[in-house]
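As C-alpha cells, here come the structures.
Common to both upcoming complexes is subunit A, partnered first by subunit B, then by subunit C.
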Partner chain A sequence: MKLNIDGLLVCFPYDYIYPEQYSYMLELKRTLDAKGHGVLEMPSGTGKTISLLSLIVAYQKAYPLEVTKLIYCSRTVPEIEKVVEELKKLMDYYTKQTEAKNDFLALALSSRKNLCIHPEVSSLRFGKEVDGKCHSLTASYIRAQHHCNPSQPVCQFYEEFDAVGRQVLIPPGIYNLNDLKDFGRRKGWCPYFLARSSILHANIVVYSYNYLLDPKIADLVSKELAKKSVVVFDEAHNIDNVCIDSMSVNITRRTLDRCQTNVETLQNTISRIKETDAAKLQEEYRRLVEGLTEANVARETDMYLSNPVLPDEILQEAVPGSIRTAEHFVGFMKRFLEYLKARLRIHHVVQESTPQFLKDIYEKVCIDRKPLRFCAERLRSLLRTLEIADIADFSAITLISHFATLVSTYNKGFTIIIEPFEDRTPTIANPVLHFSCMDPSIAIKPVFGRFQSVIITSGTLSPLDIYPRILDFRPVTVASFTMTLARTCLCPLIVGRGNDQVAMTSKFETREDFAVIRNYGNLLLEMSAIVPDGIVAFFTSYIYMENIVASWYEQGILENIQRNKLIFIETQDAAETSMALMLNKNKISANGVRNIILIKCKRLFISFSFQPPVHHYGRAVIVFGVPYVYTQSRILKARLEYLRDQFQIRENDFLTFDAMRHAAQCVGRAIRGKTDYGLMIFADKRYARADKRGKLPRWIQEHLTDGSLNLTIDETVQLGKHFLRQMAQPFRQEDQLGLSLLTLEQLQSEDMLQKIAQIAQA
Partner chain B sequence: MDDQGCPRCKTTKYRNPSLKLMVNVCGHTLCESCVEMLFVRGSGNCVQCNTPLRKSHFRVQLFEDPAIDKEVEIRKKVLKIYNKRELDFSTLKEYNDYLEQVEDIVFNLTNNIDVERTKQIMEQYQRDNKDIIQRNKAKLTREQEELEELLLQEQQNSEQKRLETLQEEQRQLQTKRKNKQALLDELESSRLPAAVLLAQHKDRAVQLETQIETQKQNVKPANIFSTGIMMGQTVSFASVSRVEEVLYVYQPLCIDAYGPPVPELDQLGRLGYLNHVCTASPQDQAGGYTSGLACHRAIQDAFSGLFPS
Partner chain C sequence: MDEEPERAKRWEGGYERTWEVLKEDESGSLKATVEDILFQAKRKRVFEGHGQVRLGMMRHLFVIIDSSRSMEDQDLKPNRLTSTLKLMEFFVEEYFDQNPISQIGIITTKNKRAEKLTDLAGNPKKHLAALKKVVDSTCVGEPSLYNSLNCVALPSGTEIKEILVIFSSLTTCDPANIYELIKTLNALKIRVSVIGLSAEVRVCTILTRETGGSYNVILDESHFKELLMLHVKPPPASSSSECSLIRMGFPQHVIASMSDQDAKPSFSMSHLDSTGEPGLTLGGYYCPQCRAKYTELPVECKVCGLTLVSAPHLARSFHHLFPLEAFQETPLEEYEGERFCEACQGELKDKSVFTCLACKKVFCVECDLFIHDTLHCCPGCMQTDRTS
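Right after this comes the complex of A and B.
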C-alpha cells in the first residue's frame, strides 16, 4: 500500500493499515520535519515497529540529505532480530514496487559473543570470555608479534578483514546477525569488525541501547555517527534505568580482592619488563610526558576501556606528573585500593556526596582530584604498554579505575552509599560501595545533544510528561495513541474486595494478613475455572510470591487450582525459567492442553524476555498488588531526593509512576494484537484511586469504567464470564475492516481522516 | 581482614576482635599490648627490622597493608615541604615534572632506596625554598578550594531545605489551628444551625488541604544565591595571573601657548604683578585662595595667542 503522509510517499508493506498507525506516522513525520525529539506512546500489538521503519525509510529516500541514517535501538537480541525481520519485509516490498535494485544497507550489530565465527573463540560461553579471547588474538601488538614470530596465534578472520575487507564496502542489503555471520564466513572476514566498520556508511543500524548510552562503549562504537541521524529508542519505558545503570558502579569486597591481585600482577609485569625491555616503558613515559593521546589507529581492537565522558579539554591535557611513571601509578592504585578497603570496613551505613568523598580521600591518603580523573586513561595506556593479552582478568581494576574517573569528574548527580550489609541479612557482613548515578539525563545528554531527532517510543509510556522531565530534554511532539478496536477486546477490572468484603491489598501492613492471602488464592482459583486458556499472574516481589504460594499450598488452594490448570512458577534464574518453559511447551502441545498458569514476579520481568508467543498463553493477566519498588533502599531514597530537588518531581509521584509503568507492562502482555482478547485484573484496592488509575496508559484507561472499579471476586467472575463468552464468538477480518483496519480507499475517505486526527492526543 | 595479626604475639583479629594493630615509621606492625610491653621506656628497636623507634610515633594501622600506612605518613611529611602549587610554575609541564620529582622522593623513602641521598635532597630543597614553603603553608590547592566551596554549598542547601520544610509545617499547623478556632467562635456566636456551620468548616478544611497539596507541588527551584550567582556555577578564588607590563611614568605637560612665557606663580609678587590686584581677605584665604591664583590665570589668558603661529 502506498500512502500519502503529509505530502510524503510512504510504502507500507501490508494491504491493510490500522488507523492509529497512520496517525503515528503523521506525528513522526512532523517530528522529523521539525528536526526535534519526540515521545510517542502506542499500544503493543499495533505495529509500532513497521510504522516507524516505513516512515523513516521513506523519509530517508525522499530527503537523503536531511536524514542520512536511522539508528534503531532496542533492548534484547531477539527484539533486534525482529526489527530486522520487519525491515526485510519492507525492503522486499520496495523492490517489488520499484523494481529497481535496492541500494539500502541495513545491519544489526551485537556483541562479539553473538557475531564471532572464530571456531575456538565462539565456543566460549560468556560474553566477557569471548571479548577477552578475541582481544588476545587481534590486539595490535599481538599482530605485530605475529609478523616477527609466525607461531603467535592470531585470528585469521580479522587478518583477512584488515587486509581486504576494510576497503571494500559491504554490498547493500539487509543483514541480520546470521546474515552477517554467513557473509563473514563466505568472505573469511570477521563479521563483528565488519559490522562495526560498516555502521558508518549503513543507512540503518539496529543495535542495543548500550551502544549509545553506555559512555564506555558509545565512545568506541558510535562516536563517528553522523549528526543528521534519527535515533529511535524502542521499548523505552525504562530507559531512565538503563541510563542510570550505565553510569553506576558497585564495588564489593570481592572486587577489591580481585583488584588487589590485578595490581600485584601489574607490579610483577612491570618489574619483569623493566629488566628485559626497559625501552618500552621509557617510550610510554615519553609519550605521556608529551601529552600525546592515544593514536586512533590502534584503538579499534585495543578496547581495554575508553573514557567515561570526560570533558575534552582535560583529555587534551597531559597526564599529571604524579602518575606518569608505571611504578608511581601502581603505587597510586594501591593507595586508592587500600583506601577503598578501609572505607568498606565500616559498621554503619554511610552516604556522602562526591566532594565529600574527594576531600576525605585527600585527607586520608593524599590523593588529588586530578590524577584520579586520569586514572582510566592511564590504566589503559599501561595495559597496552605491558601487552597484557587477556584483559578479561583485569575487569576488576578496570572497574575501579572507572569509578575513580567518574567520582572525580562529576560533582552533581551522583551519590556514594556504603552499606556494610544487606538489609535483609543484617548479621552477615557483605559490604558494598554503591556509586550511584541519580540523574539519567547525564548519560543520555550527549545523545540528545548530538543527534537531530531522537524518538522515544513504547507501548506504555504514561504519564508522558514525566519522561522529558527526568531525561531533561524538550520534545517537539508528545503523543499517546489509543487502539481503535472493532470490539472491546480488553477488559480491565479492579478487584478491591474478597467475597467476605475484606479489602484486598498488598499494602505492607496487611500483605501478610491471612484473609488477604486467602482472597488472592480464591481469585486465582475462580479465574482458573472460567478462563479457557492461559493465565499469567504477577506478584510484586519474589519474597512475597514465595510466601503466598507457600501458604496457598498449606491451605490447599494450589491443589484446587491444579484441578483446572497446570501451574508453572518462575524462579529467580532467568535461564532456568526459560528452559523449563520450553520443556513445558512441548508437553503442553503434546497433550493438546493449553491450560497453564504462569506465576511470575514482576520485578525480574525487565530482564526476562519471555513474551507469550501465542495469543492464548495470556488470556487473562492478574496483577496481585501494586508493584512498588523496595522503598527502603538507600539508593532509591537518594534518587528520589535528587528528583525532588532538581526536577521538582515529588517522591510519591515518582514511586507511583514507576509502579504503574510496571503494572502496565504486565497487563500489556494480555493483548498481542487486535484479534487477540484478554482480561486484565488488577487485584488491589489501591488501583481504584484516581492517582494510580490516571497513570495507566490511555488505551487501558479508556476501557476502565466506573462500574469496574471496586469489585468483589464474585462480580469479577460474572463480568469475566460475560466478557469471555462474548469474545469467543468467531471474529473475522471483515468485521474489523473499516473500523480498526483500513484499506487504502477507506483511509482516504474524508470522515476517516477526521477520526484519525482525534486518535493522537498529546 | 580477620587473618591479620600481630607478628610477635601471633594474636589475630579473628581470635581477638578488639585487637588494635599499630604501625611505626618503619612500616612494621605490632599489636597494642606488645607495644605497651616492648616500649615501656618510650623507645626501642623494631622487632622485625631493628630500626630504633619511639613509642610516641606509633599510630593505629588504618590500612590492611602496613606499607601504605608508612607511605602515607612519609607522603604527608614530604608534602609539607614540597608544597608548591600549580600557580608557582609558569608551564604545566614544569609542574608535572615537579610532581614527578615529589613522587620519586616518596617512592624512594618508602622503599628504602637511597634514603640518605634523598633526605639530603629534601633538606637542600627546604633550605632553598624556605619562603615559598612558608607562604604556601596556609594556601590550599585550587582543586581543594573548589571542593571546599562545593561542600559549603551542599551544607547551605540542606540547611535551607530543612528550614523551609520546618517553616512550611509550622505554617500549615497554624492555619489548621486558626481554622479550628474560627469554627469554635462561629458555633459560639453565629445563629446558623450547627450542622450548616460544620459543613462549612469541612468544606474549608478540604480547601485548605488541596491548597497545601498544590503548594507542595510547585516547590520553588532553589538554584540561585541571594547574590544572584547561579548555584551550579563555580567561582574560583585562585589569584589572577600576573600581567607583565611597563609601568606608567608621569611626564609634565607641555603646552605651547603661542605667546611670551608666563611667569611662575611664586614669582608673581617679586615681579610686581600683584601690586595692583586686590589682596585676598582672611575669609578668602581660609578656603585656600590667594590673590596670585587669579592673577596667574589672568596673565595666562592675556599672554596666550599673542604670537602668530
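Right after this comes the complex of A and C.
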C-alpha cells in the first residue's frame, strides 16, 4: 500500500500495517528532516526493519540529494540476511508499482570467510585463516612478484576483478551474500573486493557493527562513505558494550610471547632486505620524514571518517626520529615489550590511569609519549614496506602497537588493570593486562560526527535517556512505541515467593539458601507441567546455574522435571550448545509434544546467539534472579566510577539499567510477533520494586498490573494456566483488523490517526 | 454473576480474578478481550452452517480419550477425567440423536499405550456402559498420540471418517515419527480434531491443520461442553467424496399379540455376543431381508449386513439438510421498534438484534442461538403459518 507520511509518499510492501509502524515512520521522518540523530524503541516482532527500510528508501527516492546512502548495521550474519530479504520484498513492490526498472543498488557485506569463492581459501574454517590466506594471494607485492615469476600463486578471482571489475559498476539490484557470490562466480570476480569497492556507490549497505565501530576495520572499509548517509544501528541495546570492546585491549603473556616472535621475524626480514634492497628502506624513511600530510589533508577536507586510533596530533607532525629507521623501531618495540613483560610479573592487582602508566614507562625504560603515539602508524608502514605476506601472523604485534597508540593518546576514558590471576582460580598465575575503555563515546564519536543521521533502534532501549548520555550525543527524537494488540498476548508475572512464603531472590546473601534453590526448582517444575512445548529458563551466571542445577539434581527436582520435558543446558561453548541443539532437533520434532526446556545463562552476551527458531519454542521464559553484572570485577568498578564522575550516572542506576536491559532481552524472546504469545516470568522478589519495574520497556510494563507482582508459585500456575487457555482460542487475522492491523482506509480515518499519535512516547 | 450465567459456579472456577473481568478499558477498544473474539466466532459458526453444502450423514467417528496422569488435575471438578467422561456420555447420546445412521468408537490412552474401549458401533448403550466403567480406572503415565491414532481402524469406503481427540497432557510418547503418521492420515482422508484441556500444543496444531480438523482448547467446563457439542453436527462432506447410495432396511416393529397362541419368545441377534440381560422377548424388529430379529435400532444386521434404521430416525437428521436461514444482524441503535425479543419476551440489551428474514420478527442473541442450534425452525414463522 502507499502511505502518506507527513507529505512523503512511502511504498509499503504489505497490504496491512500495524499502527505503531506508521507512528515509527512518522518519527523517523522527523529525524531525517532535522538531519539529526534518533533513539527509537519498538517491541520485537512489530516490523521495525521493514518500516525503517521503506521510509528511508522512500526518502532517498524523494530527496536524492539530501540522503545519498543508507548504512544499515546489524549484529549477526543471519540478521543481515534477513534485512536484505525484506529489502528485496520492498524493491519487488516498487517495481510492481512503478513498472520502471529498479535503479537501486543494495548489498550486504561480510567478512572474507562468508564471501570468498576461491576453492582453497573458502574451505578454511576460521575467519582469521581465510583473511590471512587471502592476503597472501592478493597483496600488491605478491602480485608484482607474480608478474616476473608466474609460478607464484595468486587468486585468479581477484586478478580478474582488478583487471576488469574495478571500472565496471555492479548492475543495480539487491544482493545478499549468496547473490554476490553467484555474481562473482558468473563473472569470475572476487565478491569480497567487489562488494568493498561497490559500497561506495551503493544506495544501501547492510553490514555488521564492526565495520563502522571497530577503528581497525572501519579504516579499511567505511572510510570513504558519504557524509550524507543515514546510519541505522539495529538491535542496538548493547551498542555501548560493542563500542567498549572495540577499543579495549587485553594483553596476556601469550600475546607477549607471540609478539616476541613477531619482533624477531621483523628483525630478520629487515636485515635481509637491507642486504638485498636497501633503497626500499631508504624510500620509507623519506616518506616518514614528510609525515602523514596526505592523511591530514584528507581529514581537513573532510573526506574520510576519522579514526580514533589515528589522533589529530600525529597527523600534523612527522614521525619522530627515534623510530624512523626500521631497526630503531624494532628496537623500540623490543624495549616496550620488555617493559610490558616486567609489568606482568606481579603478584598483586594494579590499577592505574594512562598518565601514571606513561610516567612509569618513561622512568623505567625512557620511552617518551610521542613515539608511542606513532606506534600503530609506524608499524603499518613497516609491514607494508617489508612486504610481509601473512598479516594474520602479526596480530599480536599489531595489538601491542594499537595499545601503545591508545595509551599515549587518551588521558581520559581508559584505565589499565593488571591482574596476576583470574578471580575464579586465585592460585594459578595467569597475568592479564586489561587496557579497558570506559567511555563508549570514544569509539562511536566519529560516526556521530560524520554522518548526517544516526538512528539507534531496538526492542529494548529503556530507559531511553541513558543511551544519549553514555554515548554522548544529542538526539532530535527519542521515542518508545507500544505494541497495539488485539488480545493481550504477553503475560509478565513477577514471582516473589515460594509456596512456603520464603522470598525468592538471587540476592548475594540468600542465593545459596536451600529454600530459595528449592523454590526455584519447584517453580520450574510446576511451569513445566502447564506450559506446552518449549520453556526457556535464564540464569544470571554460569556458576550460579551450575550450582543450582547440581542441587536440583540432588533433590530429585530435575528428575521430576524430566518427566514433563526434555532439558538442555547451555554450556559455555556456544558451538557445542548449538551442535547439541542441531543433533537433537530431529528428536525434538519427532517427539513433537515432549518438548524442551532450555536452561541458559544470560550474562555472557557472546554466547547468546540462540534465538528460538519458531514460535512454540518459547511459550514461557523464566528469568531466575536479576542479571546483575559481576560487581566485583575491577573493570566494571572502574567503569562505574568513570560514569559517575563524567556523566553523573550513579553506580546503582547503571547497574540496574544494565540488569534490566538484559532481563528485558531475555523475556523479549517470548514474543516473536503479534500472533505469538508467551508467559514472561521474573523469578525474583526484587523485580517488583519500582526502580526495577520502571526500567522495563514500556510495552512490557503496561501489561504488568499490580495484581501480577510478588506472586507465589501456585498463584503463578493458576494465572499461567488461565492465560495459556485464553491464548489457545482460535485467533484469526480478521480479529486483528482495525485494532492492531490496519488497511489503508482504516489508516486514513481521523480517530485512528489520533490514536496513532498517542503511541509514540518520548 | 449476572453477565455470565452459563459459567460454572464462582467457587468452582478455580483461581479467578473477578475484578479483572469488570475492568474498564481506558484506551478505547485497544484491548479487545478474548471473550469478545469468542463470541464473534460463535456467531460465525451459525452463519457458516447455512450455505448449500453437502453434509456427511454417515459418520464414522472415533473418540480418543486421554487418560494419562494429567487427567487427575482438578481444574475441572471433581477432576478432568470424571468431568470428561460425564460430558462424553452426554455427547454420545446427543450424537446418536442427531446422527441416527452414524457410528462411534472409543479409545483411551494411558501409560504409553492405547486401548480400544468399544469398536465402531451404532448403539449408544454399549458405549455408555463402557464409559461408565472407565470412571474408576486410575490415570497413570503419559498418553501416546501415535499409538492411539494407529489403533484407529476405520472401514474403507466413502463414509465420513473422523477422529476426535480429547487431549489433556502436554506431552506424548511416540514410538515413531508422528509426522509420518499424520501424512498417512491425510492420505486416508481422515479428519482429526482435537479438544485440548490444558493449552495449545504444537503437535496437535499440526495434526489438525494437516488433516483439516479443528483444534480448540477449553476455557472452563461450559466451554468444554460447547466445544464437544460442535462435533455433534455432521461436518460438510468434502467435494471429492462421491455420493453413494446405501441399501437400508426399514423393519417394522412386530409385537405378537398375547392372544396369538403361536407366539413364542425368541432371542434377538444382538444377544449373540452379549451375555448380560435375559434375552427372550416376544416382539422386535425383523430384518426385511433375512428375518433376523433385533430389539433395537439402528443396527447393522449380523446376518446379511443390511443397515437397519427406522424412518423417524432418518427424519430426525432431515433438518441438517434444510437448515433455518440465518437471521439478519442489525445494531441495536439502528433498530427502531419495540425493544423486546419475540421469543423470550425479554428486553433487547445486547449490541445487536436479529431479524428473521421471512417473518420480520426480532430476537435477542441468546434466542437466535437457541433457535438455530436446537429448534431449527423460527417460532415467528410458525405463528404466521398458523394464523394465515
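Going forward, the second predicted complex is superposed on the first by the 737 of 762 C-alpha atoms of A that agree within 3 Å, B and C clash if a C-alpha of one lies under 4 Å from a C-alpha of the other, contacts with A are read in each partner's own complex, and residues count from 1 in each chain.
Heads up, the rule we're going with is that contacts are C-beta pairs under 8 Å (C-beta built on N, C-alpha and C of every residue); 3 or more make two chains touch, one makes a residue touch a chain.
From a predicted model like this one, the values you see are computed outputs, not experimental measurements.
After superposition on subunit A, the partners subunit B and subunit C are accommodated together without colliding. In the superposed model, A:268 lies in contact with neither subunit B nor subunit C.
Contact with subunit C, but none with subunit B, is seen for A:488 once the two complexes are overlaid on the shared chain. Contacts of A:743 after superposition on the shared chain: neither subunit B nor subunit C is touched.
Rounded in steps of 10, the angle subunit B-subunit A-subunit C defined by Cα centres in the superposition reads 150°. Of the two partner chains, neither subunit B nor subunit C is touched by A:631.
In the superposition on chain A, A:98 contacts neither subunit B nor subunit C. Of the two partner chains, subunit B is the only one that A:411 touches; subunit C does not reach it. By the document's definition of touching, of the two partners only subunit C reaches A:755; subunit B does not.
Shared-chain residue A:721: touches subunit C; no touch with subunit B.
The minimum CA-CA separation between subunit B and subunit C in the overlaid arrangement is 33 Å, rounded to the whole angstrom. Remark: subunit A residues 289, 317-325, 327-328, 331, 334-335, 338-339, 341-342, 345, 353, 355-356, 358-359, 362, 364-366, 368-370, 411-412, 644-645, 648, 650 touch subunit B in the complex. The residues of subunit A lying in touch with subunit C in their complex are 484-488, 529-533, 564-565, 589-595, 616, 619, 707, 714-715, 718-719, 721-722, 724-731, 735, 739, 755. Every residue of subunit B that touches subunit A in the complex is listed here, in rising order: 1, 62-65, 68, 71-72, 75-76, 79, 92-93, 95-104, 107, 110, 141, 143-144, 147-148, 150-151, 154, 157, 161, 216-219, 221-222, 232. Put simply, subunit C touches subunit A in their complex at residues 14-17, 20, 28-34, 37-38, 40-41, 70, 75, 142, 145, 169-174, 176-179, 196, 198-204, 206, 215-219.
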